[in-house]
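Shared chain: chain A. Partners: chain B in the first complex, chain C in the second.
== the complex of A and B ==
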């Protein structure tokens, strides 16, 4: 991205209140905005700066701050640069606006985030389950969901001790560490 | 999908009916399904149904050490695993400010391009099989095996090489390896004419693929299409050239494009890319003997490695399109968040749904294979 375009972009984005722009490298720009200013920002980026490709929407669960961070990565085929727009929304009730009317790829990412984090996107075309159709537990990517604890609570470990393994152990080989210690090795501290 | 969760659907009094296309179907790539509504054999509506390959990688990665995740990431995309390793390693390097030695960067390019050739050959094989041309399938898989032999020799793993680590690559190339790369490339190149005759110019295939799954450039851009599928609509965009990483800005290669945006154009773009990958590999083979030095930067004890807090978004061009990782660290020994954006999360869901509508049921396989959709990338 040339200096000229970078300047032009900075001037353009200054129109939005409460915006913080950080240039991370020649092709990467990080923008932090208040949640209610994001649609205006994306509209500006798409309509006037050529950022027509929504590369991804990422969600990060900051459980200690009681917040979700949503990151919209948009790419410009003209200036060959990527703007990552960061917003924070409250963890409860976890509702935000869909950007589907600006970027059609948002439908997949919003559906995915809804499924994995339980955030509802108002106006998104499809909030049905896609990957976890058989799942009725809590949204699994939330930090408070401990997958290992869930497994211990709902499933039972199967004892696997076939004759060939017993023979191997009797000869002094095979599995030496008991299975429970192998599985929970990270709990020892 | 358990049978007890299905209720028999009352069919309206018409010629419309619903059909489950997949998850076990020769016309579907991997374990994936489409629920299609048909009138006769014309698709009225298609809904993608994923999740059969969901293994919870993103959650698992939050529970593993930074270095352990290297063994997890290649499993996200089975046919083309190397870009996954690289994308994750690049993210960790950016967070730590690690500078990768020059020799490692060149070796990484070699690994990526070998993987791209293997992935494309595999796709051609699968694609040809959907038109009943099994010879091409056998050839594609057999020729891919030669590349897997190379992978086995220089990384130790045939499919999942687990060769990149943050900071560089794991081991030095074996003696005489570059010579064997050249021999394999010569062989693959000599085979391309045969592939052209048997598959790419074969009227059995051309007539099946031409005009199927057509999308315009505007549609492709609006739907988030990337990679060879985007280039088949005439837009010469390639992350390797336009958002360069490793040493791609020092390499000489073309970006093949086609104009029609149909299944045939997409296949041809991949066919031309095969040649470009061979061209890149020849340059790497020529340059590598003169590049000396370490193959990885020193890293802290990987079992007690706290990566500095921060976030980064890395992109590479995989054989299927734009592959991105969004990695967040809170300064701890494990990633706080890893988000994998596979190119197929667009191609296999929205794009496939839209392109299937109006086509005939036998063309769904053409559309899906020509999009080179990789379901494990969608499910993660």
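== the complex of A and C ==
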């Protein structure tokens, strides 16, 4: 049964130009499409193949390619399979179309991605702040945002050898591995 | 004996001779009836249900959970405090009645823990409020939590757990750190300076640059609008 659906799905997907299909397993398909073909693909998947559940939209920041990768995971309750549609959009200006008209839960994911990566989704119902309501810095999940530099500027660290720790060391406790050896970014060669 | 001044007078000792006994009694009672505020921030909170319930049974030490900050004695910070949460933690802390004690559980409250690199979590809890005791570990077992609470009980009994006074004595320092993180407009509904006067703890560190900044930005508090349940729903169009 699932073999049949898989075959039928492959035929369906080949209707779209510039598509690259990689079958990961019998229940999992990775599809790479050009960004402008994605709404058509999702419409096909939803309307003709029963992929009615948008599980998530994930985002990857490829800073060296100056691109964002958006991954739309859609699930079918009929064939119990997941299709992950990958697209790449330019990092600047970082604008893409909302799929809210196809999948309403997309509003939630798009708002989240907008907050974390600064990608603007045209047609999404709400692009306000979501979780980071009290944050006015840059979108923190972008690769160019240096979290460590930010915290070194805004927050301070506990002293490495505070007096209360020396009392613990006297009792046989204390820090076994110093932070220089634990934290890769602070490691000295 | 020509003058009244020559009559020998045995001067009474100043103060109440029973005061020390009374203080001792108060401290004993205080250390044996502690209420933990039921407010948990991070993942360390998962160690509290076994510590409170029959497995480890904190109640045998006289420690119980309490639902409102006004009635609680101990504020347990059980894990990372994101900056957003830290605001709520400070509001809660200021609402608690003195004497109050803060315990930081888990590595995150000591130095950021595994979230040391995160832009969203505060690293040193004792910059923003005085902490009586840290229980390190990621995360500490209920035995460690109970051992820590026993240590707090001992220091309350010995009269050493006075860090809540430090918040009033050095309010300017704590407020300065809070303003650095939350911006100059930071303001809490509690009038800490008036409370410091009330407790007779107004000292050199209470007022300073940061409290003056607070006065500049301070806006009078307004009562919250009262609405009945059925009015909460916005009219839909």
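As a convention for this text, the second predicted complex is superposed on the first by the 155 of 189 C-alpha atoms of A that agree within 3 Å, B and C clash if a C-alpha of one lies under 4 Å from a C-alpha of the other, contacts with A are read in each partner's own complex, and residues count from 1 in each chain.
Following the convention adopted for this analysis, a residue touches a chain if its C-beta (ideal position, glycine included) is under 8 Å from a C-beta of that chain, and two chains touch if they have at least 3 such contacts.
Being a predicted model, the structure only gives us computed values, none of them experimental.
Trainee: Once the structures are superposed on A, label A:108 by its partner contacts, choosing first (chain B), second (chain C), both or neither.
Mentor: After superposition on chain A, A:108 lies in contact with chain B alone.
Trainee: Looking at the overlay, does A:147 come into contact with chain B only (first), chain C only (second), both, or neither?
Mentor: Both partners.
Trainee: Counting residues of chain A in contact, which comes out ahead: chain B or chain C?
Mentor: Touching more residues of chain A than the other partner does is B.
Trainee: Quick check on the superposed pair: does A:137 touch chain B, chain C, both, or neither? Answer first, second, both or neither.
Mentor: It touches chain C, and chain B stays clear.
Trainee: Determine, under the contact definition given at the top, whether A:56 touches first (chain B), second (chain C), both, or neither.
Mentor: The first partner, chain B, only.
Trainee: What is the contact status of A:27 with respect to chain B (first) and chain C (second): first, second, both, or neither?
Mentor: first
Trainee: Just checking: does A:158 make contact with chain B only, chain C only, both, or neither of them? Give me first, second, both or neither.
Mentor: second
Trainee: Taking the superposition on A as described, I'd like to know which of chain B and chain C A:82 touches: first, second, both or neither.
Mentor: first
Trainee: Would you mind listing the overlap between the chain B footprint and the chain C footprint on chain A?
Mentor: Looking at chain A, the two contact sets intersect at 132-134, 140, 147-148.
Trainee: Enumerate the contact residues on chain C facing chain A in the complex.
Mentor: Chain C reaches chain A through residues 83-84, 87, 110-112, 116-120, 122-124, 127, 134, 180-182.
Trainee: Tell me, which parts of chain B touch chain A in their complex?
Mentor: Answer in residue numbers: 1-2, 5, 48-51, 54, 56, 58-59, 63, 221-224, 226, 235, 237, 242-243, 311, 313, 315, 322, 324, 326, 328, 336-337, 339, 341, 345-346, 349-350, 378-379.
Trainee: What residues on chain A touch chain B, complex-wise?
Mentor: My answer: residues 27-28, 52-56, 58-61, 71, 73, 77, 80, 82, 84, 103-105, 107-109, 112, 116, 130-134, 140-141, 147-148, 186.
Trainee: Touching residues of chain A toward chain C in the complex: what are they?
Mentor: 132-135, 137, 140, 145, 147-148, 150-151, 154-158, 164, 183, 185
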